[in-house]
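Across the two complexes that follow, subunit A remains constant while its partner is subunit B and subsequently subunit C.
And then the complex of A and B:
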């Protein structure tokens, strides 16, 4: 194979990996904050994609312009899910881990069912966008603009998150709450408020991913499942709760997936990622950057 | 009362309560065995067979997930292995499904042991996600395995009704009795193990993994035993399912939804309890089947709404499972 074709695979894998990282980071954030795995994360992504689709239909504006609105809606969704479900799941005295798993699984099925009922199982896509259909030719390596835009947004989001967590009061409250949930109450931080904002932020982050993805990917009620497992693998590979880990793991997953297609049939492209993930986990049971 | 006589009387109370549980179980099994005499509707019969099958599967899952606290979300792998082993041995080699059930069970148990070795080092969510991923790898491999029919799967030939080939086209009652038998066996296995030393170790692992870990290698062995027994019966259930539906493909036996369907009845009914999985299956399976046939036409999604909503509500309001509503002391009894 030519160098050019190889570079093409690497570049495509890198861009996809940045989007995987963006999808995964909200999941990792919530986990780091309160030890809860949201099994409805893929459905959050799917809702954000439909929200983008619906808003584009209603306003005929470009999806890029509508992103802030989608992200705001997702923030509200995240806070509501925390207030309506997670808060109660965390109070369970018996089998708390299982209650969280199955409460969020139940939510995932519910959202999927509602999406199927209201939007039908049909595949949709957003046509006629500014970015759609355009490709950048980089010395023989072709990169579609929507994916470049997605990669850029992902990097910007990670930079923003870094700033938010290290430089703002909310970030400090977030960090303090992850360190010691009991002690923060003593210094006057309302734990529930931090958790609610954390869920809002987590959902907003996957909302950004959904809005980006909606520009170049098909939208249907099952689309969450396609990306959710990759997101769980990304988070576990990077280490639950590690923001930086999600970025590195996302890029690794994207690259490995792209490289796997060079050796295995396309239908087995995930096998490379899954095997690598298991391999890493057996050496480092808490992921690459997880706290041991 | 002296200490030793107190111990003796609590021992005899324990034996009496065990005997009572056993008698109750036999009465329940006997009553269930009468059901085919009352139900003639083929559709209802199918729902009941699936209910018993998933009661058995969930009981098997409960050994590892409920008593041992290792929340596996990848049991579809073992279910699929059982279904494929039974189908391949029967369709390609003419070996009776009974042999296939046994072979599938043994293969699944060996795979569970091989996977348990690295996986039991993983804690909590890391363990659960690893099990999902391993099952997903299995699904992808079967999708691409030409010998096993790849995505097209394996069709069982049409043959006359016979216990030898486990094929009953006209009267579904034999399937019902097979499923009941499987459920009774898994119940009895659970019943006899949970009060043995393994059972105590499992609960020790579940209640405090770190403390149990300090007891070292015995804990690891007891976890491995739970995984192997759990996988064995899950695969037997998978093999039976293949004989029952007579056609399998990767998505119809190894899809993630089967992993959920095995865990959910136990969670809804009451994890780590003797009757929780059965009660959960009794509610969940008919509900899933009936909502699918009455509301799920053309993928309307309403069945998922009801199903998902119910799972959410029960797990939030009854974290100890539905069984705890009927018998509040259930949890205490298990850890006493």
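And then the complex of A and C:
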């Protein structure tokens, strides 16, 4: 393997890792806020990809232009899912943890079934976009523009989240609710409202990931599953609830996966990631940056 | 004939009459196991159209030169109609097994067809064997399937050894004409389909003096194939031999394009490379790709039923018959013909009728010599064809007797 080929694998792994991080961060946010693992996270991603696809068909605008609209739609979806399902699941008296798991898992199956029914199992693909099919050639290392764009969006999102959480009132309310759900009520923070906005934000974040992914990945009703497992591993590796952890872990997962393929047969590409994950679980069960 | 014999034959006739009458009102249930949900659900959706087209041919009267087409229903069972019962295996062998047992014990199907994924065909046919119910592998092509000594397993179509052999004979022929083919690249998914296919290709390459420049077994439905494609690109084989399902095929072609890699030639083991979804998504990157196939629309010139059946299918599915759907459709016709000849819905009798099948190629829509099963249940006369994708459509380029054009080689030249 030449140096050039090695650099290619590293660069591709890094870009993909940033996208993994972007997919995972919404999941981490919701977990950190209210201890709920959203098993429908992959399906949210799939819906965002279909929303992008549908809007491109309907408006013939570029997916990049349509991103804010997709993100807004996903925000509404997140808030509605909280108000319509999660709020009730959290109130369950017996075994609320299991009820939440079944509620989001059931939601995942429902969304998948509906997508298959309404969108058919056909593979979709957004053709002729501004970025699609264009590649940057850096001395023999090829970087596709959609992935570069995805990486840049991912970094911008993490910077934005950092600002939101540390500098705004909403961010402070979010942090306070994370610290102590009971105490925030005493200082006049509407816990329910924070949770609803948190779900909206989580869904909007995965909506950004979906809109980016739709530019270069095929879309079908099961596409969420391909990325959801990686998102769960990323969140656990980075530490549940840690935004910064999601970023670091996403990049690590992307790089480790790419490097594993160079050493082991390609069919074992996940072995490196899962081994690392197990190692972290043994040594530091809370994940790299977790606060559990 | 004495009075006793007259009386007896009268009784026999009337019994036969009631029997036939009972059968005419009865529907003969056939289990169909395909992926109706999951990543390969599109295959199942297309299969449903193909199988239902076949049912139309059997159950209604059509002017087609195919077995069971002329009569409405099965003449051997007093005009009984066949009915399909669908089950969904989602690409999972264990789900396939459970569904097969449900079809046999609860729905009482007389035979089962399936299953696209060879891994699922393996479990489903094992269950069928246990219950004494015939299994027809319509579109599963792993060679290991018919080598398990099963009595109730039948495969009318070619398996991957026959397909791979055709590919290597094709390459030999090109080499003789002075084309440079020294190295091949294997790229295959990690279930039974890809693994079996690559094993055969590895052996054929060694036997015939081709160097395997790159040999990659990859994980199916990967989020990224960049590192894999990088390895292919570094090795740059004269011919890439991929065995991939649809999602991976789309990703493979996109990634090659992104990494600025144009393969010299692609000789594909169908599957994802013959799925319409692939051509919708990345057809522009596949110009010149050659895939093995069981079917060729060009054949309509020689066998008129091909064109007519294709029109019937197209009316339902809004697309032409392809490698998969033609085999799925044929599987029901083969089975209906056997039930018709067995004049019974008994598993053992249908099995015997299948084993005795001898249908000339002209009475099929396939480019085959004939349908005649070996004791292992394989039809060795199912000649594969090689099709090249040129200017948005497939052209038959091999073997010589079926070819209508010379191959464009190299594909990106």
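As a working rule, the second predicted complex is superposed on the first by the 291 of 292 C-alpha atoms of A that agree within 3 Å, B and C clash if a C-alpha of one lies under 4 Å from a C-alpha of the other, contacts with A are read in each partner's own complex, and residues count from 1 in each chain.
The criterion applied here is as follows: contacts are C-beta pairs under 8 Å (C-beta built on N, C-alpha and C of every residue); 3 or more make two chains touch, one makes a residue touch a chain.
Small disclaimer: the values here were computed from a predicted structure and weren't measured.
Subunit B and subunit C, once both complexes are superposed via subunit A, clash. Judged by the touch definition given at the top, the superposed model places A:144 against subunit C, while subunit B stays out of reach.
Legend: residue contacts after superposition of the two complexes on their common chain; A:262 is shown touching subunit C, with no touch to subunit B. Residue contacts after overlaying the shared chain place A:125 against subunit C, while subunit B stays out of touching range.
Once the two complexes are overlaid on the shared chain, A:5 sits against subunit C while remaining clear of subunit B. Within the superposed three-chain model, A:135 lies in touch with subunit C and out of touch with subunit B [touch as defined at top].
In the overlay built on the shared chain, the residue A:155 is in contact with neither subunit B nor subunit C. By the touch criterion defined above, A:83 reaches neither subunit B nor subunit C.
Applying the stated contact rule after C-alpha superposition, one finds that A:226 touches subunit C and leaves subunit B untouched.
By the touch criterion defined above, A:115 reaches subunit B but does not reach subunit C. Two complexes overlaid on chain A leave one subunit B stretch from 6-14, 24-32 or 42-50 clashing with subunit C, and it is 42-50. Counting contacts as defined above, subunit A residues 112-113, 116, 120-121, 221, 265, 267-268, 270 meet subunit B in one complex and subunit C in the other.
Within the complex formed with subunit C, the residues of subunit A that make contact are 1-2, 5, 8-9, 12-13, 16, 112-113, 116, 120-125, 133, 135, 137, 142, 144, 147, 216-218, 220-222, 225-227, 230, 257-258, 261-262, 265-270. Across the interface of their complex, subunit A is touched by residues 71, 73, 118, 121-126, 128-130, 132-134, 136-137, 140-141, 143-144, 260, 264, 267, 271, 299-313, 315-316, 319-320, 331 of subunit B. Across the interface of their complex, subunit B is touched by residues 31, 37, 85, 88-89, 92-99, 101-103, 105-117, 120-121, 221, 229, 232-233, 236, 240, 265, 267-268, 270-271, 274-275, 277-278, 281-282, 285-287 of subunit A.
If you check the complex, the residues on subunit C that touch subunit A are 37-39, 41-42, 44-45, 190, 216-219, 221-224, 226-228, 230-231, 233-234, 246-247, 250-251, 254, 257-260, 277-278, 280-282.
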